[in-house]
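Shared between the two complexes below is chain A, which pairs with chain B and chain C, respectively.
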Partner chain A sequence: MSDEKKTGCYICKGCGIGERLNTSQMATIAEREARANIVREHDFLCSAEGVAMIQNDIDNEGVNHIAIVACSRRAKTEAFNFDGVAISRGNIREGVIWVRPDTDEAQETTQEMAEDYTRMAVFEVNAMNVPKPSGEAEGQTNILIVGGGLSGMTAAIEASKAGYKCTIVEKSGALGGHAAQAWKRIPQHAPYKDPEDTGIDEMIAAIEADPNIEVCLNSRVTRTSGAPGRFSADISTESGDTKTENFGAIIQASGYTDHDVSHIDKLGYGNADVITQAELEALAREANGGPIKRPSDGKEVANVVFIQCAGQRSDEEGHLPYCSGHCCLTSIKQAMYFKDQNPDIDTTILYDDLRTPGAGGEDFYRSGQDKQVIFTKGAVNQISSSGNGAKVNFKDRILDEDVEIEADLVVLATGMVPNSGVNIDEVPQDEPGQFEVSVDSILNLTYRQGKDVPQLKYGFSDSHFICFPYETRRTGIYTAGPVRRPMDDQQAIEDATGAALKAIQAAENAQLGRAAHPRSGDLSYPSFRREGCTQCKRCTVECPFGAIDEDEERYPKFNEGRCRRCGTCMGACPVRVISFENYSVDTIGQQIKNIDIPDEFDEKPRILVLACENDAYPALDMAGMAGVEYSAFARVIPVRCLGSTNLIWVTDALNSGYDGCVLMGCQKGENYQCHFVKGSEMAHYRMSKVDDTLQSLSLEPERVATYEVAITDIERAPQLINDMAETIERIGMSPFKF
Partner chain B sequence: MSNMNTAMIEKYRNNFLKEVEANVEEGEWVKMCMQCGVCSGSCPLGPYWDHPPQEIFMMIRAGKREEVLSSSSMWMCTSCYNCIARCPRGLPITHIMHGLAHYADRLGLAPKEQPTRKFAKHFWDNLTKKGRVNELKLGLKLYFMNGFGEGIKTAMKMKDVGLGMWKSKRLSIGELWGGHSIKDTKGLHAILNKAREIEEAKAKKFEG
Partner chain C sequence: MSEIVASNETILVVGGGISGMTAALEAAECGKQVILLEKTPALGGRVSQLYRYFPKLCHPTCGLEINLRRVKANPNLRVLTMAEVTAVSGDAGNYSVKVRISPRYVNENCTACGECEKAVEAEFDDEFNYGLGKRKGAYLPHKMAFPQRYVIDPAIIGTADADKAKEACKYGAIDLDMQEQEIELTVGAIIWATGWRPYDAARIQPYGYDRIANVITSVEFERMADPYGPTGGKLLRPSDGKEAKDIAFIQCAGSRDRNHLKHCSRICCMASLKQSTYVTEKHGEDGKATIYYIDIRAIDRIDDFYRKVKENPNVSFIKSKVANIVEDKETGNPVLRGVDTEGYHRYENPHDLVVLAVGMEPSVPADAFPVDVEINEEGFIEASPDNGAVFAAGCSSDALDVNRAVQSATASALRAIQVINRAAGTEG
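Now for the complex of A and B:
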């Protein structure tokens, strides 16, 4: 293939396009105005014949830039999938004929719409380059697993089963973590009636016998650098020996710490016979199936009370605000330790809301009831010493009265606190990689943005809960188990299995230089024009994935393996030096500049719509499918993420005579839906500053509107466009039409 | 029957739940209640119960023996079966309520003046005499349940209804003398006596 650009524009007449639009007029525009080298119309472009026509031009005519003017870029992706060429799509089906009425009055504006989309597609593809692998694509596929508890061990076993080597780094002297301290586990198999053996010993034995798995005990990760496929980690033992190894991906299964409730007076923790669930596991192991004895004087326990949500699910000072998810089932399991040994032992579970998640949760609860474990809905007023065990004073919430019961033993369900290392949002970031912190870091990343993976809330690692639950905001690093969210054994096993598969996928993608989701398989990566860079650091700070470090000379250093290709850096760059081969300030800019802007007296305004390709653009496509109409004056351009929107696009558009701009991103904030986590938030922030620009142009602030749009907003998204059209009618046309 | 009460207290000490489980019809279901409250919300007479079913179950688990057994609540049940149809845990709540009422009656703890209980007794006596319900006698018995004066008053109030029924041959004055019966009254009595014997024997085990 020669380096010379040769552009082909292919216009489809199928799906009613030919009947509604004058495609030969569009073809003329593509040829004369947009200067496509080859322009062809076809009755049914996505048919084998249509595709063969394009392929023939690629093979025999040297066409390497292709503008397909047909349906939405979200449709027929398999048919229009050509290797080694740059492709753009003009959306004249979902974006034009389906959102416009089929009437004579509407014909003129609908045709103009389609002609603009033809121009846009050709100018866009002309500004693109064919993405090529960078040469950075190579490296390892073995996996580093930080943490040797149930989650870490599961991840190792699963990765090994899939044929991948892995290394477990465990800070303590033994594998197993919390799960190994338990006497029995919550049942994971039907009929979910009795506690099961933990199975931890078998797992440890399997790991020790597995040549694919290396175990480093008494060790920590003291430095991690690199990117997927080429991570480098220092593994240091307690004695100070350090070895450096390379990995393809990382799983962080650093687990949790029991919530300390000693400062909560009403729980009476400090009384010898008031213990935590973890401490009861130790007593049960000691009893080894015999009667469990209370710690104070060794008396056999005849009466035990379990307190649920002890120091949890409350906004009170020192309480965890969230539910730890496993404690109700754990207390039922522990009550059975007593009941199974001696059914005459009184066991009471004092709960507020009993939550027994999982397939067998309800069955296990019933089994507990069947064994005559008493479940009482109530809230603790005070737990105190009685001289003989403990007294629990509580409010019975069904009978609405204060009650005091005596117990030999009180067990507190205190909940889990994630071991997530440094909260990088709370430490200063003045010096790249240099942070003074009070908490030990888990990964000790050398990333510009901080030592550990970012957190969302309550210290749990950030992940896109709906679309990509295993993700962190560090590509190739996956968290699994209770560091991600509170969970029980079974959930941790599923979580770790998922994380192992994602880690393998990330390592393999890195071998091929391909992006991870949501732009899976994308071969392009950001590059920057060094001469133009002012070292403002915005890209390094704003990248939602911490992909960009700084080199010795303080220029941004793009680690393409870490990049998700959202383009937030491109949107951030004030001097516009960052671009992708197939997505740049220019590819969008060319589309904006080259539409036809009728003069002021035509009363045909133009509205630029920048829509996130993940949610807003599909919503508009679906509006088309559902026959929802919107203004013929809108020109919709999909963007990878609203975060990639550079202010220059908005400024240029307004300068060249557009009458309004509508920006559509995803939901931001704590319950964000943005596929790139922070992109939408960054965009909203940047657009909040756009008023200055508008003022300098003496334009009304209403001409630019930024919205959060969900993929389900198929009525609302078109409405937002129509609202802008109304606004323009009200405030008048832009004075910048030349 | 108070002997039996003392025996039961002695036997189960503080564990009223176990006592209910062993002695009350369908009592083994009580522990399976998950306190959702659907039964209480579904009961058409709910507002008139001192303790709706959900609460009764919780009281049993909390060991409130006297309060439960001397309560009038379970006597309020009209056997509409709404609660059974709706209980997500499948508890036979109606049956448990009748079981509790019956158990309380046997122990001599049931409230003496509870009208449902009184009516149930009259109904039973009326029915078992001939094997058929004698509606005229049962009606009169009910009118005079709370004394002669009130009986006359009620009878006067209902006289038009009674006359109407008599005219349309729904009520026969002859029923006052003897009344209709099943073919084998003796057989029925034998069956009932045997049943009573079995139950007495069961109860005897607990008496001093």
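Now for the complex of A and C:
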């Protein structure tokens, strides 16, 4: 493609556009005002013929910038998909004729709306460049797996089966983790009746025999730098030897620690015959299929009580506030250790809610009932012991009375605490160039924002998203297994297999310079004008993904592979030196500046609407589809994330005579829905300071409003625009019309 | 239809719900060629019919928008709707799959302008709203339907309505002569993601779903709660259209029951807890929810949602499997009878409306699978080496919530890629 910019503007007359609007007037504007080189109208632009017309201009007329003025960018996306050119979409269907009444009265303002969207589309595309892959792209596809337990081993085996090399770094002297300490596992295959062999020995043997998998035992990761496709990790052994290797992606399968309940008095832990589920596994292994003996005096256990949710599911001091998910099935399995060996042993499971989901879970529960395991709904009052065995005093929820039973052995289901490393929100960060290894850290990232993956709730490194569970806030680093959320073995296997896919995907896409989720495939990346940068660090601080470090001279260092292309850095930059090829302060700024602003006495205000392209913009589209009307004075511009909103857009708009600005982002805070995590929050924060700007212009604060809008706000989003129109009617037109 | 190029390096994904879309996208975003089949006219599956997700109470259409953007942007992924697998032959790495494509009677010229819908008159039960509302004989399945293309109901073919639709279309998009097609695809691996359907509530006879107007299912209740659903977001009693304020939720309706579904459907407890928040959302202090349960299965980290709901004084919990429901003829109120097992108290409780938390059953009955796979007693696909390169994703493999279905789908994408990479002889 030649560097010379040649712009084509294509205006569709279909879907009633031709009947409702004077498209030839729009064409004239595109040509004379916006200076498009070629302007064409078409009765049915998305038809094969219409698309061929555009393609012909690309092939034979050298058109490389295309403004399509037709339906929403969300419609006919595949039809208007041309390779190697910059494309903008002016939305005159969902955004104009469908949100405006078809009346003579409304015609003039509706036409003006469409004319502005034509200008905006052409000026936007003229400010765009076609993104080329980042020069940073590199070719590592091997995967670093931190943690050699069930999750880590599964990830390695599954990645290797797809042909990828892996390195497992395990801090202990052996693979297998907690799973290797178990006598048997919960069954993973129909008929889900009996405990099964753990399968861990076979997995270890498979790993040892696999030339694709390298295992580093007694080792930790002491330094991780780089980005997807070019991570560099220091792997250090206990004895102090360190080697540095390069990786394409990372899986963090750092597992969990058993919850310590020794300080919860009522559980009686500390008495010899009150033990944890993990400790029972050790007794069962020792018994090796024979009778299990109690620790205090070696007596064969004739009576065992399992206490579910021991130190869990409560806000009381020392308790885990969550359910660990696996413990009900684990206790059933462990009760079977006794029953399968000797059906006469009494096994009681004291539970609050028995949680055995799915087909396998419920079958296994029924099998426990068939084997005469007793299930009692109750809550422990006190577990006590005078040496051997223990007494369990509990409130029987069915009989509604306090009951005491004596047992040879009491087993506590204590739950899982994630090994998620250091909490970067609490630990101060190292100064640039002053990296120090942390023994508590799992990854020892050299990232400016901290050494580990950010934690979500209760210390889990979970993704926040229901529909995108693998997305951490560190691109190319995927967490798997119980570090992510509490889970049983079978789920950890599934989870680790999925994480292996995500790691492979991240490494492959990094090689091609493509973004990871959710803008998967996006080739654009942020660049900055060094000479303009004031080293204020806002971009490094505000990036939701920790993508930006600082170089030796304290300038921002963009690690493109880590970037998700949300533009939050661009919005943060007070001196506007950050931009993407196809999305920049200018691509939006040009749209804002080039609409027609009628003078004050026309009583035609202009309202700038910046709408998140994933939620608010679709809501406005669907408003059009549903025939919900909104003010003809609105000019809506979709943004990648409200976090990319630079204050200059609002200031420029107000300076050039807009009467109001409405900003629509996603829900922020604890239950955030922002797909870029912090983007909407950052935008709201920045806009909370906009009053100063308004004051300096002597404008009323009501002229700028920032909202959280959901994709389902099909009536509310238009209403918010109309509210602004009413506000303007009330407080009057802007004095800044020239 | 243009010929579909596929080879033994292609992955076929059967089912376009959240699991199938995820599996297809994850594989395609690894650079693999993927064909995604969906039986209905649009992608999205059951989650697109949900008002909110638990535990965040966010809207599923938000994730759907992202996924649809990914679909539109990915040249490796081809979507075939109204398509069903009829037969599969071959082995891992080399399958031949017969696919039947039903006529939509609308071609790719469709701009979704909506003129055909305005022109036709006949109305049908709206599948998207589980029959609670009506749709026209020419329709867009829902506002976010992808492909964004209308459908002509086969029932109007040959009627005057069909001609009206055709006349109304200025773009030559309506083709009333469109015929059912059969195509054959060569693929290397198959991801089976046909999901679930709600258990037929009428079969739980003591609960009177087929006799008592004010006994509805959880999936119907979900549509009612949606402001763009059939009742405009109002929780209305089917008997008299009055707003229901005192609402009972019956857990394990058809699940954990040897007479119905043996398994626990996993999602229903969280779904009812979520739906109890709708009662508060719509009615504030006046709304009352009562949950009849065996065990509340708010598993793992999301147990905090259960604890939060328990703090609401207007939501109460009764540990009981409801024995039966009778209708109070005068008020139309369903009256629930049973024993509260915590203390063994008998109850006979009237409510305005009863919501049955119906279980998930696999969409494809065990005897109707067109492909030879190991299926367990509950009808879910078991992971087995005997399944060759057919991998279950999401609720084809077990009763799963969305989060776990997505994990499962992502894992299945890797399993399929392993086969494809072996077939291609590539080494990472």
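Just so it is clear, the second predicted complex is superposed on the first by the 721 of 738 C-alpha atoms of A that agree within 3 Å, B and C clash if a C-alpha of one lies under 4 Å from a C-alpha of the other, contacts with A are read in each partner's own complex, and residues count from 1 in each chain.
As a convention for this text, a residue touches a chain if its C-beta (ideal position, glycine included) is under 8 Å from a C-beta of that chain, and two chains touch if they have at least 3 such contacts.
Keep in mind that what you see is a predicted model, and the values were worked out from it rather than measured.
Bringing the complexes onto one copy of chain A puts chain B in a clash with chain C.
Of the two partner chains, chain C is the only one touched by A:F468; chain B is not. Touch criterion met: A:V403 reaches chain B, while chain C stays clear of it. Applying the stated contact rule after C-alpha superposition, one finds that A:P191 touches chain C and leaves chain B untouched.
By the touch criterion defined above, A:K377 lies against chain B and chain C together after alignment on the C-alpha atoms of chain A.
Within the superposed three-chain model, A:M625 lies in touch with chain C and out of touch with chain B [touch as defined at top]. Using the contact criterion defined above for the overlaid structures, shared-chain residue A:D353 touches chain C, although it does not reach chain B. More residues of chain A are touched by C (comparison of chain B with chain C). In the superposition on chain A, the residues of chain A contacted by chain B and by chain C overlap at 354, 366, 377, 398-399. Across the complex, chain A meets chain B through its residues 346, 354, 365-366, 369-370, 372, 374-377, 396, 398-399, 403. Looking at the complex, you find that chain B touches chain A at residues 15, 17-18, 31-32, 34-35, 54-55, 58-59, 61-62, 89.
Across the complex, chain C meets chain A through its residues 18, 22, 25-26, 29-31, 47, 53, 56-63, 65-67, 69-70, 72-74, 109, 111-114, 143-144, 148, 170-171, 226-228, 256, 262-264, 266, 295-304, 307, 319, 341-344, 374, 376-378, 380, 382-384, 398-400, 402-404, 406-411, 413-415, 417-418, 421, 426-428.
Only residues 14-16, 44, 46-47, 71, 75-78, 141-142, 158-159, 161-165, 188-191, 313, 315, 321-325, 351, 353-363, 366, 377, 397-400, 457-458, 460, 462, 464-470, 485-487, 491, 494-495, 497-498, 500-502, 504-505, 508-509, 517-518, 520-521, 614-615, 618, 622, 625-626, 666-667, 671, 673, 675, 710-712, 714-715 of chain A touch chain C when the two sit together in their complex.
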